[in-house]
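Per-chain residue numbering starts at 1, and chain names A, B, C and D are given in the order in which the chains are listed.
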Amino acid sequence: MSEGKISRRKYLKYAGAAVAAGAAAAAGYGLSQYYKPPTPTAPTPTTPTGVKKKVRVGGTKPFTGAEALPGKSEGDANKLWAKMVNEAGGIRAGDGNTYEVELILYNDEDRPENVGRLYEKLIVEDKVDFLFGPVYGPLGMATVPIVEKYKKLEVYGTCSFNPKDYRDWKYIVHTITNGPSYMEAILDMIWERVVPNDPEAKNIAVTHGDDAFRQTAGSYGYEYAKKKGFNVVFYETYHSAITDFAPLLAKVKAAQPTIYLNAGVYTDAIQIIKQMRELDFNVKLVWAGTGTVFPSFYESLGKNAEGCITCTQWEKGIVYQQDYGPSHDEFLAAFQREYGYQPDYHAATGFQQGLVLQRAMELCDDPLNSDAMRKVAGEIEMTTFYGKYKVDPVTGWQIGHKMGVVQWQNGEKAVVWPMLTGVKDLVYPIKKWSER
Amino acid sequence: MSRMNRESMLVVDNVTKRFGGLRALNKVNVEVKRGEILGLIGPNGSGKTTLFNVIMGFYHPEEGRVLLQGEDITDLKPHQIARRGVGRTFQIVRPFGDMTVLENILVSGLFSVPRGGEHRKIEDRCHEILKITNLTERINDPADELSIAEKRRLEIARALALDPQLLLLDETMAGLTHAEVDQALQMISGIRKEFGLTMIVVEHVMRAIMSISDRIVVLSEGRKIAEGTPKEVSENEQVLTAYLGHRKGS
Amino acid sequence: MRGIGFNSLTMSLGFLILIGIYGMVADTATTSYLHAMVELMILAYSLNLFTGLSGYANFGHVVFYGLGAYTVSVSAVGLSSMGMSLPTPVYVLGAGVFAAIFALVIGFPILRLRGDYFAIATLGINEAVRVTICNTKELGEGRGIYILGLVPSYDIKMLYIQLLLVAFAVVVTTHIVLKTKLGYGLRAIRADEDVAEIMGVNTSKYKIMAYALGAFFAGLAGGVVTLQFACSFPEYLFIGRSVDMFSAIIIGGIGTLLGPLIGSVIFWIVKDALLIQFPYFHLIIFGVALIVLILFFPRGIVGLANRVLAKRGKVLE
Amino acid sequence: MAFELLAQTIINGLFIGFLFGLAGMGLTLIFGIMRILNFAHGAIIMLGAYTAFWIFILYSINPLVAILIGTVAGLIFGVVLYMILVNRLVRAPALASLLALFGVSMILENSMLNLWSPNPRSIPVDYPTISYGLVTISGSRVLVSIVAIAASVLLLATLKWTRFGRMIRATVQDSRAATLMGVDVNKVYALGFSIGIALAFLAGGLLALIYPFEPFGGLQYALYSFVVVVLGTLGNPAGCLFAGLIIGLIHSITGSYWTLNMSPAVAYLILVLTFLLRPGGIMAGRE
């Protein structure tokens, strides 16, 4: 260690500068136009009118790590909801008081060891009244014991559970259609809109990744398809981190399905379409994965994305007649104004989390008591911009919300299911790769 | 113990060791009697260190056997041989750098007694060894901070801590000044008297090897070319050619 | 022998008692904070027992934590189908034993490797186990295994006590190992493995023993985490956790008794504060701090302290 | 039918194999010279992908040119990284240098996240595909393989014939001896390290042509590169090319004939098996 040793002091000065420069550069860069970090979580207090009370809502999202994309958009939507509620003067609860919302979100890095500590901090130190669940399934399940112990109502966002793992938990409510029924919307759409005039469409191939979400969506979709009367010519699971699908697609191609459905995430979706094109594997309709909803899906694939369909919890263009909360267009405009990018279904779900809490407080006569709130949240039925909300009062399982289906049609996501006003025609069959 | 010659400590019986095509040791036969100091000399690359490694079980010979007090140790692992009382030093010093001098010695001390005698007794023996190799005042300094001569003595101390019956000294005098060589010679004979050890000493400092060895074996290109008392060997024609190369006209 | 050893042990056990009492009296949020810190400390000590002493870089040590976690959930589900269940300490102990057995089985082949080959092999094993779990129906595939209701309901104080007991055990074990043949043998292996073999150290046996011992304590920590969340899922085997343990022992002082303790306390406090203050930038700042620290104190805080104390003849173990 | 599937599998395997080989080369070169395992390898490959992507998007030039410019940027980044950190790591204890490089990957990954958002991206460009019966070969993969082979051959040629190449090989054999022979080892470290990083940038750029990438996507490529590097013997670039093909084939064959989700596990098991049979890696001894 001796020869060429720089004197400690000189190195100290040098390293100190590097540290400061590194952190400053990162922070400065971070504020670049494309990606604006969130404003401080606590919204600006509004002018107090009459007796104001406070309701504290806490939660964790994976702001960094592999799940950063859904983490950021769901987190942004939670904050937008809190801001809009406070700007409108707070929540006029069933007990006559109005409640200003204070939202506290932490970064759980999608890692289990952070969840225990952060939820205890939220419940005990920050004294939150209600909780928004984390984004990722297993982590969501990890919060169940804590929530059940401290009897705090927890409203879950895009975190999908599997019914088999349900144990009699009493403080949990879901907003999204859970994993199992993801593919139902697509299969229903094909059954209603395609099979009548093309019986061939019954021959489908189903594949899915092996992590929590894709496993649930894919395997239940497979069962539902068989029950519905589809003839599943090929069915297989693939490793969730795999990026090369050529071997899998070669086998699917060999099974010659009319329609190919893959329960995958964003990277799967792009890769499968690219490699279907490479292998010149043509089908009349393809679902490559839920990632199809993201604008960058179309950016990355260009014209190859045309005709791709996907189920989605929510999509711009699915216009429900809402009987509560902002309308479809109001939500879009508010989100675009606040964050400058298009909201995806993670964002919409994040906003719905807020609406469920808000509606329950309005109808509950003891709005800060989790038991009373859970009872009300279990019974309310409403339709918001996000779609129908109705849960099984005992399990908190979402049974009302139905998925929509969208299809990329010349650069735009056209809503092709459910059959509401303004639904577009389905492009079927999609063009062959060679004709694009 | 050994049915054969009672006082033979170590027998290297017809050992051959090959590395790819190179024959490092070629049918070498060496015998060391109990309490004897055997000098092992030969030009560089003659197989001296390879022989040490074969004895220690580090290399496995293609042919031949190594017997320690009659027991065949050819197939044993180095630590098993060490525990049977064979200590060794290294040509290039290899102390346990970040451990203190005492800890260096404690390592072999702890593993010497088969059942691992209790700490206290071993520690006393180590202190005694430190005295003999006069390293006592450096007892708690990390081995890295020692001088070359001190590190050489630490190697010997570490080997002694194994409570050995056979000591293999690999060029412990290399690079020492004249005075330091005399000091080392004195120490080695002191150790011999104190512990009654059998030793094989490899050395290039002729003055030292000639004065300390009872018998000398000469290796060249992996073969034993001469054996005998220091006097006989120093006059042996073949030894001179091996060392000095062919004399003009001879 | 200089007056060392003894006070390092009392210092670490004393510290554990201190945070133990504080954790029990304070509110559950603090208990949970300390619980997470002690869990990291146990993992750091378990890694230190092997990597710290023998110098073999084990980047897949989290596999034992994960296996311990899965042992508890698999056995809980298995037993409940037969209408039985065990007290939690037995589950946790079972987790440790299984992890140690796995280490013994996998240890023989990979411990024949050295240095960087070994580091990569441990990464490979961790990934291979995680992928296999993700693809085995009985192990719950990606979804994980849920045992809510099969184990006592969530009580952070009880969990904290169990974790503290494990922490006591690993600290005392480290102290004993450092004072006995195993410790000297491993430190000799770290300094120069070939010479250690020639000095009588049965290197292959000692490496396996240390590997299994480290695995045992990591398995115990895994067992407790499954009780805490009442479920175990593949994310427990995330490589990032191995890096955390590694950073903790490097910051604290590798191969020492106090090192893992100091390292994990500093690591946890800094990381947690950064995580909450800078949800987006915390890892950038942490990365820079880690590098500067490694370049400045390669021997860690204890190494630095020893350099200072050495003048007065005292050395922190 | 079975023949087409086999042919398609082998073709796919070879194509990815060249990419795995190239990714491994950068890693093994750095290890060969400096005995340091670059644990930031995955993050650096992703940085290479982003660099090529942004050059392509901002200047909308031919993707290959963008990738080559990206590689040069990689060289510069390598030199900077060497000057700031890595030259001090050479003397630090082995465990510390491994961890410091993990620190680098933390900084890179999270900076990419904050700069360019977590959205996965890919260079949207399509090359014509050639197909015989059911077996099709995609243009972009052929291109990637050609560039990967060219880069590998170029590297092996420089190592074999140029003076600088000999200096690197001398340092790989024994850095102390090399210094005695008048080799400025520090210069070799600096340039050798940056060539290794440049290769990682090139691999990242090529990868962006055929796969989507995102800030935290590097881990999987890093793990595969480690397997390739060890199979081909640490420090032996030629071995890497050969080992890359083997891993590519294993990945593809497992995918086709078993299920795709066991491909990584099979690769890691092959890795552990190689350790047992040939601790030095398959090319051990045959430099």
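Just so it is clear, contacts are C-beta pairs under 8 Å (C-beta built on N, C-alpha and C of every residue); 3 or more make two chains touch, one makes a residue touch a chain.
Everything quoted here is computed from the prediction, not taken from an experiment.
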Connectivity without chain C (remaining chains kept where they are): A, D | B
Middle chain, criterion being Cα centroid separation: C
Most distant chain from chain D, judged by the mean position of its C-alpha atoms: B
Length of the line joining the C-alpha centres of chain A and chain C, rounded to whole Å: 35
Mean-CA-position distance for chain D and chain C (Å): 32
Chain centre separation (chain B, chain C; CA means) in Å: 42
In chain D, residues with contacts to at least two other chains: 107, 110-111, 113-114, 259, 261-262, 264
Contacts with two or more other chains, residues of chain A listed in rising order: 18, 22, 26, 30, 37, 64, 209-210, 237, 239-240
Multi-chain contact residues (two or more partners), chain B: none
Graph class of chain-chain contacts, one of line, ring, star, complete, other: other
Pairs of chains, among all present, that meet the touch criterion: A-C, A-D, B-C, C-D
Contacting residues of chain D [partner chain A, same complex]: 1, 5, 8-9, 12, 16, 84, 91, 107, 110-111, 113-122, 124, 126, 129, 131, 134, 136, 138, 140-141, 210-212, 214-217, 220, 251-256, 259-264
Residue ranges of chain C touching chain A (in the complex, touch as defined): 27-29, 31-33, 35-36, 39-40, 131, 134-135, 141-144, 146, 148-149, 153-156, 225, 228-231, 233-236, 238, 240-241, 272, 275-276, 279-285, 288-289, 292, 295-296
Contact set on chain A toward chain D in their complex: 1, 4, 18, 22, 26, 29-30, 32, 34-35, 37, 64-66, 68-69, 72, 209-210, 236-248, 250-251, 253-254, 266-267, 270-271, 274-275, 277-280, 291, 294, 296, 299-302, 304
Touching residues (chain side chain D, partner chain C) in the complex: 31, 35, 37, 85, 88-89, 92-100, 102-107, 109-111, 113-114, 219, 223, 226-227, 229-230, 234, 259, 261-262, 264-265, 268-269, 271-272, 275-276, 279
Chain B contact footprint on chain C (complex, rising order): 1-2, 181, 184-185, 187-188, 190-192, 194-203, 313
